[in-house]
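Have a look at these structures, which come just after this line.
Both complexes shown next keep chain A, but they swap its partner, so chain B is in the first and chain C is in the second.
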Partner chain A sequence: MRINCALRPFDLQRLVTILLIFLLIIFVLFPVFRILLYPKLKDYMIMLSHPGSIRAIKHSFFIVPLSTLTVLCLGYIFAYAQHYTNMPGKKIFKFLALLPILSPPFIIALSWIMLFGPHGFITNFLGIRWNIFGWRGLWMVQSIAFFPYAYLLITGVLEGIDSNLEFAAGNLGAKGLRTFWSITLPLSSPGLVNAALMVAIYVFADFGNPILIAGGWSVLPTEIYRRVIGYNDLKGAAALCAVLLVPTLILFLAARKGLSSRSYVTITGSAIQTEKPLVGGITKWLLFGFCSFFSLLILLVYGTLAVGAFTETWGINWSFTLKYWRVLRGSSGLSNSLLLALLAGLGASFFSLFASCFIYKRRFVGKQFWDFITLLPTAIPGIFLGIGFLLAFNTPPFVLTGGLVIMVLSLLVWNIPLAYQANIAILEQIGPEIEEAALNLGASPMRVFGNITVPLLRTSLLSSFTMGFLRAATNLSIIIFLISPGRTTATVQILASVRYAELGIAAVLATVLFALALLIVGIMYFLTKKSMDMFVGVR
Partner chain B sequence: MNEQAFIRIEHLTKVFGKTIAVNDISLTGKKGGFITLLGPSGCGKTTMLRMIAGFVQPDEGRMYIGEKLLNELPVHRRETAMVFQSYALFPHLNVFNNVAYGLKLRKVSRSKRKEQVERVLKLVELEGMGNRQISQLSGGQQQRVALSRALAISPRVLLMDEPLSNLDAKLRINVRSQIRDLQQHLGITTIYVTHDQEEAFSLSDKIAIMKEGKLQQIGTPWEIYHNPRNQFIADFIGMTNFVEVKVETVDNSNVVLNFPGGKLIMFREKNLKFLPGQNILVTIRSEGIRVNKHIPVSSDDNVLKGEIKQHSYTGKTVKYWVNVGEGITLSVESLNPEKILTGKVYIAFDKSCIYPISIR
Partner chain C sequence: MSKIRIMLLMLVSLLLVVTFVSSSASGEEVLVYAAFDEPTLRAITDDFTASTGINVKWIQGGAGELFTRIRAEAGRPGADVFLGGSIIYHSLLAEEGLLAIAEAPNAAAIPAKFKDPEGYWFGWYVAPWGYVINTKLLAKELPGVPEPKNWEDILDPVWQGHVLSGHPATCGGGYDFIISQIFRYKRLASLFGFEDPLAAGEKAAWSWFETFEKNVTVFNTACPETIALIAQGQGIIGLSWANDILVWIQKGYPIKLIVPPDCPYAAGGLSMIKGGPNPGTAAEFVNFVLSPESQAINAKAYRWPLNPEVSPPEGAPSWESFTPVMYDLKWAGTNKDRLLDEWDKRIGR
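Entry: the complex of A and B
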């Protein structure tokens, strides 16, 4: 005897799920397939044999491992120092280390040029000539720009290690760094691999730094940009985008597989303590020295921008001026950036809230696939997404190009995975029982969503809004393909100013953008009282 | 309405992949009664409770409360308030609003709500705690908030999923008796899940023992303790001495058994048939056995010689492992010991302390 248990003719939950899937098809799958199918086979062949693109591919595969490994080492040392020593100034170090997340990544490149470039402050001061353009400059700049991501990911890994295991090693006679080499490092290696994969995706997709500092030394994203802007060759650009997607997609799939399979972190489960055995003596002070040096470097980077905003002609005339601040009066770039960031941040939080409740938590046929698609934008480089939206939405049935709408939507899609993951992390932490309890007391599923789930996700929604806002405000790689006359953003303006050698204007815009980002983070900190909560999705 | 079969479960079955979590279970419970589903972890007791609550859909079978078929009702219309093992209190609401949540959904007016919440908080001795945040409460207090939240909606059936397992031993016993008092006082029909036999025995009117998805035995605590149907049940409810013996003679009131250390007399259950020469498995209640250094002069039915191999002293009791020959060791629990014995001893027990588990 079989009884059908849930006989409800009109199922609102199912309807929401279907709507979400529909949106994912239009705004994630459609642009992706539009790019992949836009070039003909012939265009692929041309692009893959073109010396320029071969060079760019080679350069990308050279710089990505290099920068990723550097970033990982820096991030590990920094995170280790935070957790395993009682060095002074830990809070300040942590704050400074996270600053590069708040600014457009390529701001570092701008500042680097102002410090070490041909007319750079330090170059002038030391009176030497060197070439910071090319891969060396890019390597150094990326090492700073992507350092905070590695730091956050590795912090999560280290916190996940049951410190009793490390105490046990000490208890059994392991001294000094012995515990690190024999316990901490092996236990963090699966998480470390995962962090490496995630950082590598960011580095592969990096567009702003190479366009500013790598000069003629092109990598895939800058080569794609050149195809579009220089040769107006959208087919070739699309073909190269497809090429760029291959490594990022593989990295993304590997990271997902790594997360779902073995990880030493999850084995111990409940009794994880955050108190770690401390290292002391010379190790501690070496770590302190490293953190101080790196933090000062970051301070120098942002300080340079702030000073640059008030300097007559950088590198030539150091006198004080306010003239570049006039740019704020006329330009709409900054206000556009803020508007876009606000809408994209809100939209992504809102979408991910529904997606986590009506895709992640429900059971239906094909759920795993749609869960995967919701996370897919993580693997899509910004430049790919920008061109994808350009191709997908400039012809009927969907004509959106030329306005703010397409910019908002593209940034929104780009932000979804982060917000989605932040929600999922919270949902997994609280478990299903709280919602079951509400149902059990008589709340309908939709009421549970409003009364229980949304309030419980409050912190993750706030944090994903913040991260989404920051990412959207600082994005260059997507937005550069979607701007139209009169509708530009601060990041695009900064790039243009650097191009026209108007470093003062670039510095003013960068400084203001950065200050606004700091303000937003400050407000969020005030609301949530937990600074690290903000980055729950990154981890 | 049939008061004796207020809860009716018929052929309930649930399969997860290849394991049959709940295998064709039927049982009934009377109105105002207290049924416990007892069994080791993985026996299907929680799955069964979750099917009654509606979190899990059964593959087969029907569940009724009163005349109402539960299967067709969505979770939120079942009126089966549950106390979760983890309590599942709403972390973003204070105590008052947690308890009031179900009432609010039932559109109980503000003033009535207040009155009712205060009443149930008083029942669990939490009066005046309404403004506390959940995180400010101790485990025991959280447990009682969970209970009062369930009681507040006056459910048709109260479901409890190992509600005491997160409390420390002493608190557990206090809350246990509190739950029993409340249940009796309110006359609320309850289904309780636990793996702790002591808890089950002290709380229930009726115990259903489960193993690997199957119902092993259902009965009052007394019936189960005095007539466990198989070795698993006997073992699970704490019996330790299992001996295979041969039936010698049978008369109206006694069965005489051939035991390695001498003959044993067992009280004869009226409805059980014994044949001379038959091999049967019996259990001897360890707390019914007395240990003496000298041969006892009382009128015990059974006296055996033995040697103490080991003991463990808990303060209230001493447990002895006594070798009675041919490799058979009986465990003996001696309450309120005057001293700890060693070496050769006599053990004695009444014929009612020995009973058959299965007839081979």
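Entry: the complex of A and C
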């Protein structure tokens, strides 16, 4: 941006930039390199020839395309139904579709086992027989857990399509789904590819679902976890982390390239037709049927948990009880989760605010590199980040392990890209004119930052705080390596309760965590003037 | 703008409340790594806090998992006490110099066989490992198939896809299971006059596990997970700790416990971690756990107390009705890493 050109060489802005870069080096680059350099070449060779890791790699490369494609199809149908029909209940569908973001993903796995296990509730009712453990169950659960992300990404894609073409096709006589096949789908395909790349990163990094439902069918993150907790083989685990980073990094780079080569159709400012031509008739009702079915499924998943929290013994004794709620007394897990999520959400929002103003908007040598590093945590799987922080900060010069600080910092780093991207999206749209005007009128650059930039970024800050909060509160993959007694979180407690077969306790904790997430989202919903833009960060 | 201020104010106040709530319980504390169930742990620690005013904070995990953690943290432990988990783990940690001697007068009542002579670790209860069977499901899915009575019946291919067990790297019982099969075959091998009965026993045990593995759907990360899944009908037969199984039977599920002859067993251990943050309160806690009061609470969860003054669990089979495989504690400890590697190579799940 031009405004900075005339400034003195050693000013406050430059100092802030240097400070930000310094923080990025310590908290992003250092943990990454600590992992990559921790195993010797020999350890890499051992891990790459180990039958367990080969199996896990194969499984990962099998399930990721499968789940990603499923999630994309589901998300596309849902988003299409939202934009191209006037079906009843659209708002309810939208709300239900976003619920899985609010809960730890593995909650779905837990509920899924209670419902659809080989002899679960529904399975028995329908009299079907299948083995839910292994890839089938994982596939189904991931399809629900990551569906909202695909839905949000694709909604963005569909909103970016200029409907004039679709209307034109309709006027020229295209009937039924012809417009969809010849106009809508081709136009949305670049964005769709991008969405696929992002969802694939999430699925690659998924840890909670496979650990609960995939049983012995290990994927890379669960294999890494087992190397650490079962064998204390940190070198092997680090080597496998490096292996896991390869596909996620490639996907991330591909997504970035796709984004930069795609013009920002939505924000060109030229007139764009956003009203969509509506489909009707049987297609509409088919879509309605699909959305209803899927929404009911999501309701069922969470309903099962809520019922489980008040049930004496699931499946046997259905009498009402409050005894499991006693777990909340003196339990530090929930308050820790809340505290971590607040700090990590606020921290990431603040950091990204500064980063978008003092890295993204400034011109300096190596700017593109640091811009890239700020976004890099998107590509880092949670399990990688957790082990990275463990390795990086348990020896001098930085000893942070065993406290809440390291947990906050790791979650904060993990959330930075979302917040940063949300800010950039806004900054791209508003242009520099207002800030230039203020500068011309004599305001100092810091005053411009405080009085103009921050208020302009209000929405993106609120939305990135919400998303950051939700992600931190529901995280398991990073936190599980950093807990200590009294410094545990609700998600870890839920996993432990499931392991110790205390389903009532797990259901109580999951329900409360979910309710808190819902509360935060509700507050934000009204603060952002009742828009769902708080989820914009996902895009 | 005012809305942002309001929001920030709300957040900050929420933050303060949370910090206040989480720090209000400050004061003396003891940090515990617990391979133990939540309700019993809570009952014991509540009692301890009521009588001493010392707060107990813990994280739960599989015995193998927590053992690995203590080893990894060597020198900078995150907790003061390691509670539960087979004494194999505790004795191995003592061997590696990671434990501290705890002065515990209450340990006097524990039989010498189940405690370290120098006071590095104490066994405080015993439990056998056996089958948990969902009888309702068995009758429905495999009508006419008899329940397994020993360690050979379970190898029958009829059980394929119906068995759940625990993973030896993370679930303590899974490792005790390997050890007990090795020593069961060792005894047979020495009866038949093998030159190195232990090596022959190990070989036979591995081939047993390789057959067994074909019937198993999942090796769970923690042992109690298996029982929950069987109770809910996610499999017909599982392998887990008898005490946990008895707790689940009490809840009313259609499951039963069978402890075959030559069952694995473990003495649940207790030790103080060297260099922990609160050595004073830790010793006090260890002594309390060994007291008859706490052992009586523990007996309610069907763990057979090692303190002879405490009466055995009501409604459970007597300890004398089991025939556990005796094993060499030291061998089980020193060969742990090697055996787990072997498992990784042969079973690999």
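Going forward, the second predicted complex is superposed on the first by the 510 of 539 C-alpha atoms of A that agree within 3 Å, B and C clash if a C-alpha of one lies under 4 Å from a C-alpha of the other, contacts with A are read in each partner's own complex, and residues count from 1 in each chain.
The rule is short, and it goes like this: a residue touches a chain if its C-beta (ideal position, glycine included) is under 8 Å from a C-beta of that chain, and two chains touch if they have at least 3 such contacts.
If you're wondering where the values come from, they're calculated on a predicted model, not measured in any experiment.
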item: Which of chain B and chain C A:Lys42 touches, first, second, both or neither; value: neither
item: First, second, both or neither for A:Arg447, with chain B first and chain C second; value: first
item: Touched partner set for A:Arg14, first chain B, second chain C, both or neither; value: neither
item: First (chain B), second (chain C), both or neither touched by A:Leu456; value: first
item: Residue contacts with chain A in the superposition, chain B compared against chain C; value: C
item: Which of chain B and chain C A:Lys91 touches, first, second, both or neither; value: neither
item: Chain B versus chain C as contact partner of A:Lys58, first or second or both or neither; value: neither
item: Chain B versus chain C as contact partner of A:Leu346, first or second or both or neither; value: second
item: Partner chain in contact with A:Arg178 - chain B first, chain C second, else both or neither; value: neither
item: Intersection of chain A interface sets (partners chain B, chain C); value: 455, 458
item: Interface residues, chain B side, partner chain A - complex; value: 11, 53-55, 57-62, 71-72, 74-82, 84, 86, 88-92, 101-102, 105-106, 149-150, 153
item: Chain C-facing residues of chain A, complex; value: 50-52, 55, 113-114, 117-120, 124, 131-133, 211, 215-216, 218, 226, 228-232, 234, 313-317, 327, 330, 332, 335-336, 338-339, 342-343, 346, 394, 401-402, 455, 458, 462, 483-486, 488, 492, 496-503, 505, 523, 527
item: In the complex with chain A, residue positions of chain C that touch it; value: 1, 3-4, 7, 10-11, 14-15, 18-19, 21-22, 25, 29, 31-33, 37-39, 57-62, 64-65, 68-69, 71-72, 76, 78-79, 137, 161, 167, 169-170, 216-222, 224-225, 227-229, 231-235, 244, 248, 251-254, 337, 340, 344-345, 348-349
item: In the complex with chain B, residue positions of chain A that touch it; value: 1-3, 5-8, 430-431, 433-434, 436-445, 447, 451-452, 455-456, 458
